[in-house]
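There are two complexes below, and they share subunit A, which is joined by subunit B in the first and by subunit C in the second.
This part shows the complex of A and B:
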C-alpha cells in the first residue's frame, strides 16, 4: 500500500473530527435551557431527555399526551378511523407505515439506496476480478450433517425470504431483509458443499433484470401519472395482499435484486482468484 | 412553480443503463464503454437543451408528492449550468476511456463510471438534504472502486484512505441532517431554508459544523483532504480527471448549497444564522487549503502528485471566492470552478496519454516534449496558463473576479486575498517550471509520440474551450452570473421557486 499523505494531515483530520463532536455537543448542551421540563420558552430543556422514557410511558398510559391540544388538521371533512381489511382507497394503502414512507413517499431515496448497494457489489467484483487459481487451497471437507442440513434448510430459508419481501407492505420487513435472507440461504449451500458453483450468467441477468424492473416501474409512473416513481395502481383495501399499489411490485424487484446481488458477491469472495491484467 | 417532470430522465436513464450494462457485457466487454458513452451523451444533450432552451427555473416532482411533502429535484440556473458542465466533461472523459480502458473488468468499470457521473449530476439536481446524502454515497462508493482500478492495484491504499475519510464525513453529514430534522421536521431544502431561524441557535451551529465537515471531504477543504494526493496519484488518469473535473464540482456545489442557501441569511454579503458565522469558518478553511496545497505542490517531483495538490489548492480558491458572499464573489467562484474542471481534467488526460506512450510521471520526463509532440505540449501549456490565471486564458477572468470581489468587501478579506495571491505566485512558479521543461531541448533524439484519435478529441476540445472562454468570457460568465444570483438571494432565487406559497420567517 502506498502512503503519500503526511502523518500530520492524518492526525489533524482525526483530531478535528473528534473535536467537532465534543465541542458541538457541549455547545448544544449549554445552549438548551436548564431544568427538567418539556417546554421552557418553546424549547426542550437540557435534562428532559433523561426522564423522557419514563414520562412518556406514563403519559401514554393516562392518554393525556396525545389528547392534549391536538386538533384535526381539517374540520370540513369528517374524521373516519381506518379499519383493517375494510377501509379502501387510502392515499398510500400500505398497512406497514414504514414501507409506505420508504417506498412510496421517499421512493427516490430507496432507488438510490439500491444503487449504492449495486455499486458497492460491482466495486468488490471489479477489484476481485480475475482467473480462478489453478491449485486449490486445502480446505476441510464439510461434514455429512452440514451437507444434508444446508440442503434442507435452503428451501425453507428461500421460501421465508420470498415471504418477507412479498409481504413487505403488510408486515415488518421488505425487499432488503428478504433479499439478504435469500442470500444467506445460498451462503449455506456454499458452506455445505465444496466447489459449489452457481449459474453465474443466470445470477447476473436476474440481478440486471430486477434492477431494470425497478426503474421501469418508475418510468411507467412518469409516462402514465406524469411523475417519476408515482403510484399508478389503485391502492386497494388496507391489509390485503393485493393492496398498496406499486409498493409490493417494487419490493419484489428489490428483494430479487438484493438476493441475486449478495449471492453473486458471496460467490466472488469465496472463489480464489489471481489478478488478471490482460 | 413550473413543473418539468420529464427532467427526471436525467437520473432515470443512467440508472436504467447502469443496471443493464452487465447484460451488454455478455455480448462484448468493449461494447459496455460505448453504452456508458451514449448514456452520458444523452444526459449531456438533455441538460444542454434545458440550459439553452431556458427551461429553468423548474421543479421536478418525484412520486407525485408536491414539495415540501415529497422529494423533488430543483433545476435552477446553477443546477442547469453545472449539470451541463458535469455531463459534458464526463462525456469527454468517456471518449478518452474508449482508448485508455482496455484491460481488467471493463464491464464493471463502465457501470461505476456511468454512475459516478450520474451521482454527481444528482447531487447538483436534488432539492432534499437526505437525497443529497444518497447521491453523495452513490458518487463516493463508485469513486472508491474506480480509484482502485488499475494495473498492480496501485491505488489500493489511497482508495482505502478515501473510503475511511469519506465514510466519516458522510456520517457527520447525516448527524447534521438529523439535528436539523429534529428541529424543523422536514428534509426539503426550500422549507428548511425558509424556516431556518426557528431553530435553536446552538444546535443550528453544531448542525452546520457537522454538515460542513461532512461536505468538505468531497470539496477537498483542509483538514478533510488527506485522501486527495494518494487517490489522484494512484488512480488511472481518466479517473483522476473525473475526480477533479466532476467530483469536485458536485462537492463544492453541495457545500455552498448547504452553507449559503440552507443556513444563510440574505443581504449584500451572505452570513449564516446561528452563534457562529459559518461563512467565515469556510473562508478560513479555504485560505488554509490554498496555502497548504500550493506549498505542498511546489516540492513535488511527480507531475500527477503536483496536479493533485494543485487541485486541492484550486478548490480552496473556489471556496474562498464563494465565501466572500457577494454576487461578484460567488460569480468568481463558480467561474473558477468550471475553469478549473476544464483545465485540470485536460491536464490529467494529457498525462494519461504520455504515460500510455511510455513516458514517466516525473517532471524531468517532460524535458523536450515540444520536439516529440507539439500538440500535447501546446495543450499542456494552455492548461497550465489557465490554471495560473495568465491573461487571455480562461482562468484569468475568474481569478480577477475573485480578487476584485474580496477587495470590494475589504476588512479582513484583504488579508485572505493577500495570502491567496502569494500562493498564486507559488503556483505560477511550479506550472511555469514544467512549461520551461517542455520547451527546453534535449540532445538525445527521441521518437515522436503518436496520439490516437480517441484521446486527442477530448484534449483538443478542452483546449479550444479554454482559449474560447479566455477570449470571450461572457460565454460562461453570463451563466455564472445568473447562478450567483441563486446563491446570494435565497428566497427569490430558490425557496419561492420551489414552494411559492411559503412565507419567510
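This part shows the complex of A and C:
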C-alpha cells in the first residue's frame, strides 16, 4: 500500500481484513465435530498409538473409534486398552505425546532450535556488549516492598520453572517454557534492586555445560543404538516420573540452557553499558 | 458455554491488536501486544493445545513484553543524548 493512500482507505482495509478473520473463525467453529471440547487431544494421541503399536480390532468392529477410511496398521495383535499407571512402552513411555515427538522423533530439530536461540542471544550480546557505565546522578532505589516481594516470588517462580521442565514428559510444558519462566523470575530480581549483578562466569559456563550435555546425550545414543539422539534408556511405565527414557534428561538440559541464556540476555539489555559507537 | 468465552476473548484480542497498531504512544502499543499474547494463549488453551498455551504465555506475554519495554527505554535514552 502506498504512503499517500488516504487514511480512510487504510482503516477500511484493516477493518475488512479483521471482518474476514472473524467470519473465518466462526466458520472454523461451525465445521468442528460435536463434542470437540471433550477430548480431541486424547483421541489424536490414542489414534497414533493404535495405528503404530496396538491394534484397534474391538473398536474397529463397533465402528465407534476411527473416522472414515482410517485403519490400523496391524490387525494381528489383540486389542488391550491403555491404562495410565500400568501400560508400558507406549510411544516411548511419555504420557505427554507431544514431548516424545519433539524430543525423541524430532530431537535433531530441537537441537537446531536451541542453536537458533543461542545465535540470537549471542547477536544481542555482541551488539550491546561493553563496560557498565558509572552512574553520575543518583537514581531512586526501588521500594522495600518491591525488593522483598521479588525475592520471595523468585523462589516460587524458580521452583515452578524447574517443575515445568522436569515434568515435561508427564504434563504440558517442557524445556523452552520452563527456561523462560526461570528467566522471567531473574528479570524480577533485576527490577527489585538497582545494580543487581549476577555471576556472569557462572551463567555462561552453566549454559555451555548444558548445551554440551545435550550433544553428549545424543552421542551416547549414536554409539549405543546406532542413531544420533536415539532413546537409549528403558522407557518405563506411562505416567511415572522415571519414564520416557532420555526425554526428561534432554528437557532438563534444554531448560537450564534456555534459562541461563535468556537471563544473560536480560542482564545484557538491562545493564547500562557504554557502546563503542554511540 | 465455552464458545461464548472464546468469542469474548477473540473480540478482546482483536480490539487490543487494533490498539497496538493504531496507537500513537509506543509504550501502550507494547502493552497491547502483551495483552494480545495473553488472549491468544487463552485461545490455544481452548483449542486443546496446553503446551503451546504455556509457551505463548511465558514468552509472548511475559518475557518479550519486558524486553520490548527495556529496548524502548534504551532507545529513548539514546535520543535524548543526541539532542543534547
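The rule is simple: the second predicted complex is superposed on the first by the 197 of 278 C-alpha atoms of A that agree within 3 Å, B and C clash if a C-alpha of one lies under 4 Å from a C-alpha of the other, contacts with A are read in each partner's own complex, and residues count from 1 in each chain.
Throughout what follows, a residue touches a chain if its C-beta (ideal position, glycine included) is under 8 Å from a C-beta of that chain, and two chains touch if they have at least 3 such contacts.
What you are looking at is a predicted structure, and each value in this text was computed from that prediction instead of being measured.
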| For A:164, is the partner it touches subunit B (first), subunit C (second), both, or none of the two (neither)? | second
| request: Using the superposition on chain A described above, determine whether A:176 touches subunit B (first), subunit C (second), both, or neither. | output: second
| message | Quick check for you: in the superposed arrangement, does A:270 touch first (subunit B), second (subunit C), both or neither? | response | second
| request: Please tell me which partner, subunit B or subunit C, touches more residues of subunit A. | output: B
| message | One more residue to check, A:106. First (subunit B), second (subunit C), both or neither? | response | first
| message | Once chain A of both complexes is superposed, is A:25 in touch with subunit B (first), subunit C (second), both, or neither? | response | both
| query | Counting only touches as set out at the top, which of subunit B and subunit C does A:211 meet: first, second, both, neither? | reply | first
| request: Figure out whether A:187 sits in contact with subunit B (first) or subunit C (second), or with both, or with neither. | output: second
| task | Check whether A:148 is in contact with subunit B, with subunit C, with both or with neither, and answer first, second, both or neither. | result | neither
| task | Under the contact definition given at the top, report the residues of subunit A touching subunit B in one complex and subunit C in the other. | result | 25, 278
| Residues of subunit C that touch subunit A when the two form their complex | 2-3, 6, 10, 14, 18, 21, 46, 48-51, 53-55, 58-59, 62-63, 66-67, 70-71, 74, 77-78, 81
| task | Spell out the part of subunit A that touches subunit B in their complex, as residue ranges. | result | 1-5, 9-10, 12-13, 16-17, 20, 24-25, 27-28, 30-32, 43, 104-109, 111-113, 115-116, 118-120, 122-127, 129, 201, 204-205, 207-209, 211-212, 214-216, 218-219, 221-222, 225-231, 275-278
| Touching subunit C in the complex: which residues of subunit A? | 14, 18, 21-22, 25, 29, 37, 40-41, 96, 98, 164, 172-174, 176-177, 180-181, 183-184, 187, 262, 265-266, 269-270, 272, 278
| Once bound in the complex, which stretches of subunit B touch subunit A? | 5-6, 8-9, 11-12, 15-16, 18-23, 25-26, 60-65, 69-71, 103-105, 108-109, 111-112, 115, 122, 130-131, 134-135, 137-138, 141-142, 144-146, 148-149, 151-158, 160-161, 165, 168, 172, 179, 200-203, 205-206, 209-210, 213, 223-227, 229-230, 233-234, 275, 305
